[in-house]
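The structures come next, written out as structure tokens.
After this come two complexes, each holding chain A, first together with chain B and then together with chain C.
Take a look at the complex of A and B:
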């Protein structure tokens, strides 16, 4: 007999993630991150500046930061697409991207504080990059506060899309903060026309970047799958009259 | 900075990253498992009801 959920399969039913693809994405991400880290520790030269060995934090710290900003960028694009097409898939993508953006932001703050203590002797400094990143975290935390206050689904999705678009204003400010205000403590690693790094540093860094980006893709698939399952559950509960 | 002190900072940073990612995967796996079980239970119940209604 056909099951109740397969009977409603169609455009209105949320899609379920394919576990095989997600596992393959995680495996590729794990391999790239592991190789990047091995190269960072055993091939790339140790920083000759005052930072010395503690500079090794950079190989995951910077890719995590870029991934956090990329997540917010995805939420921005998903917000625009939702407003244009009113398709719930873009709302799910937006929620997943902001949630992961916050997770990566928390990690970048934590590793950044450890790095700050090693490099500057303090866990926190009110300098442009750190301050704008903190503002981004607080802004995107507000995204979930907003979602929690609106019950009606389509209104919640519309407000969330608008919020994600407006909050994205802080992302380029955060990214360019160290370039526009060079008197800050945070170093500028990649400059236009030059990576500013030894080629071994650069290869290890780019592998970590690729791995972290793939990790985000895998995690996005998980989060979207969870949102889809949640919606499917709500749909079935409504049919059951619960 | 002396190497032994730098090693502590580097190890702490990577430990935080690894713990957070592993914790994420464990929590996400549990969330998926719980939701799939709930969906299955309600799906079975609906299928039974529709089977009875059709009979």
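Take a look at the complex of A and C:
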């Protein structure tokens, strides 16, 4: 991957610098995630409620969920910026962010189902947060279907930006709507006022959060690079075709 | 402003006249809606009788959503194929006026279908005294319809400009409309179970109004980009 970037991009792009930064981001993310998990298992107290040991997945599950939402948020901002400035860079950022948001949403549901099986005895419950992520997944999957059906580049970018904006506005509305219905299984961990966590839990959780966010940043950088390469490839293919 | 209003009226009139000439959209929407009810009936009563009143709130809106999709898909296909849209875009008309008129026409068609279909639905499925709760039902329907056509018109504009056209609209529309469906289905279920006055529906109504407002503002802000040049 790295050699491919510099080979196609040529000397004019600051390829080497960028790979350096990305590597550093990944290293930091890995270290933080590892420390966070170690602390979660060996330092933070085991949950006192009925969930007990299975609560440990929280240190993984919740940061992934925040990261997925953050990623969709980035796509939302990129969408607004694209509509205002019509700059292809924001389109690339938007695609990369939606793709990663989708990936992380999938992981949210996977870890959520594992936790659900351990804590509630069932893999799937129609529970507000889990359901919201399912709907978000389907919604953002539609984003890629939309992209696939528009050929002209600027129109594709405009529609993608538009849809990323609409979708991101819809996610909190969906969450709120699922709350209109009775019954909810999710523990409310962080309430306004008290953090609801031991300070050891809190530190382990925050380290995992920071690690996961950095992981997203690193992956975004790579994804944007891939997207640029893809465009370049398409351009070269088109030239060869003629 | 006066001019915008006149343009808006002219465009709504154009859509309604065009539909009245063939009536193909309204007729197929209505037939679809009634057929869907029959399909539902047999899908749910396959194992003997069940208390349908528990399901009717959701059923009614599933039927309307899919019926609305049918109409929304048609609403731009004509314009595009006959070159009418190009004409409209060449006119010195605000894009938002085009959106509002298209939305209004879609709303009129959807409301017409509902006016015809709700009595049929009640005849088929309801045992409750709905007449007493009719005002509540009407308010619910109006507020929900507004959300459906706002979002639907915006997305239909986008999907008409893509290669897959009518294939794309449901995929974009349905996940976005789920919050509205949740709210309006639970509200309608209350009405059909005879437990709802306007007061107990307040939460649902407020939610629906907020939903409508959010997507109206979004459509207002982005329609220029959606309809293209």
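Of note:
Keep in mind that, in the parts below, the second predicted complex is superposed on the first by the 206 of 242 C-alpha atoms of A that agree within 3 Å, B and C clash if a C-alpha of one lies under 4 Å from a C-alpha of the other, contacts with A are read in each partner's own complex, and residues count from 1 in each chain.
To be clear about the criterion, a contact is a pair of C-beta atoms (placed from the backbone, for glycine too) under 8 Å apart; a residue touches a chain by one contact, two chains touch by 3 or more.
Quick caveat, the model's predicted, so the values are computed rather than measured.
By the touch criterion defined above, A:27 lies against neither chain B nor chain C after alignment on the C-alpha atoms of chain A.
Judged by the touch definition given at the top, the superposed model places A:233 against chain B, while chain C stays out of reach. When both complexes are overlaid on chain A, the residue A:60 reaches chain B alone and has no touch with chain C. By the document's definition of touching, of the two partners only chain B reaches A:115; chain C does not. A count of residues in chain A touched by chain B and by chain C gives the higher number to B.
Using the contact criterion defined above for the overlaid structures, shared-chain residue A:142 touches chain C, although it does not reach chain B. In the superposition on chain A, A:103 makes contact with chain B only, not with chain C. In the superposition on chain A, contact of A:38 is made with neither chain B nor chain C. Those residues of chain C that touch chain A in the complex are listed here as 154, 158, 161-164, 167-168, 171-172, 175-176, 178-180, 182-183, 186, 203-204, 207, 211, 214-215, 218, 222, 225-226, 228. Interface residues of chain A, counted against chain B in their complex, comprise 1-5, 7, 37, 50-54, 56-57, 60-61, 64, 103, 106-107, 110-111, 114-115, 117-118, 215, 219, 222-223, 225-226, 229-230, 232-233, 236-237, 239-240, 242. Chain A meets chain C in the complex at residues 83, 135, 138-139, 142, 145-146, 149-151, 155, 158-159, 161-163, 165-167, 169-170, 173-174, 176-178, 180-181. The part of chain B that touches chain A in the complex is made up of residues 1, 3, 6-7, 9-10, 12-14, 16-17, 20-21, 24, 28, 31-32, 35-36, 38-39, 42-47, 50-51.
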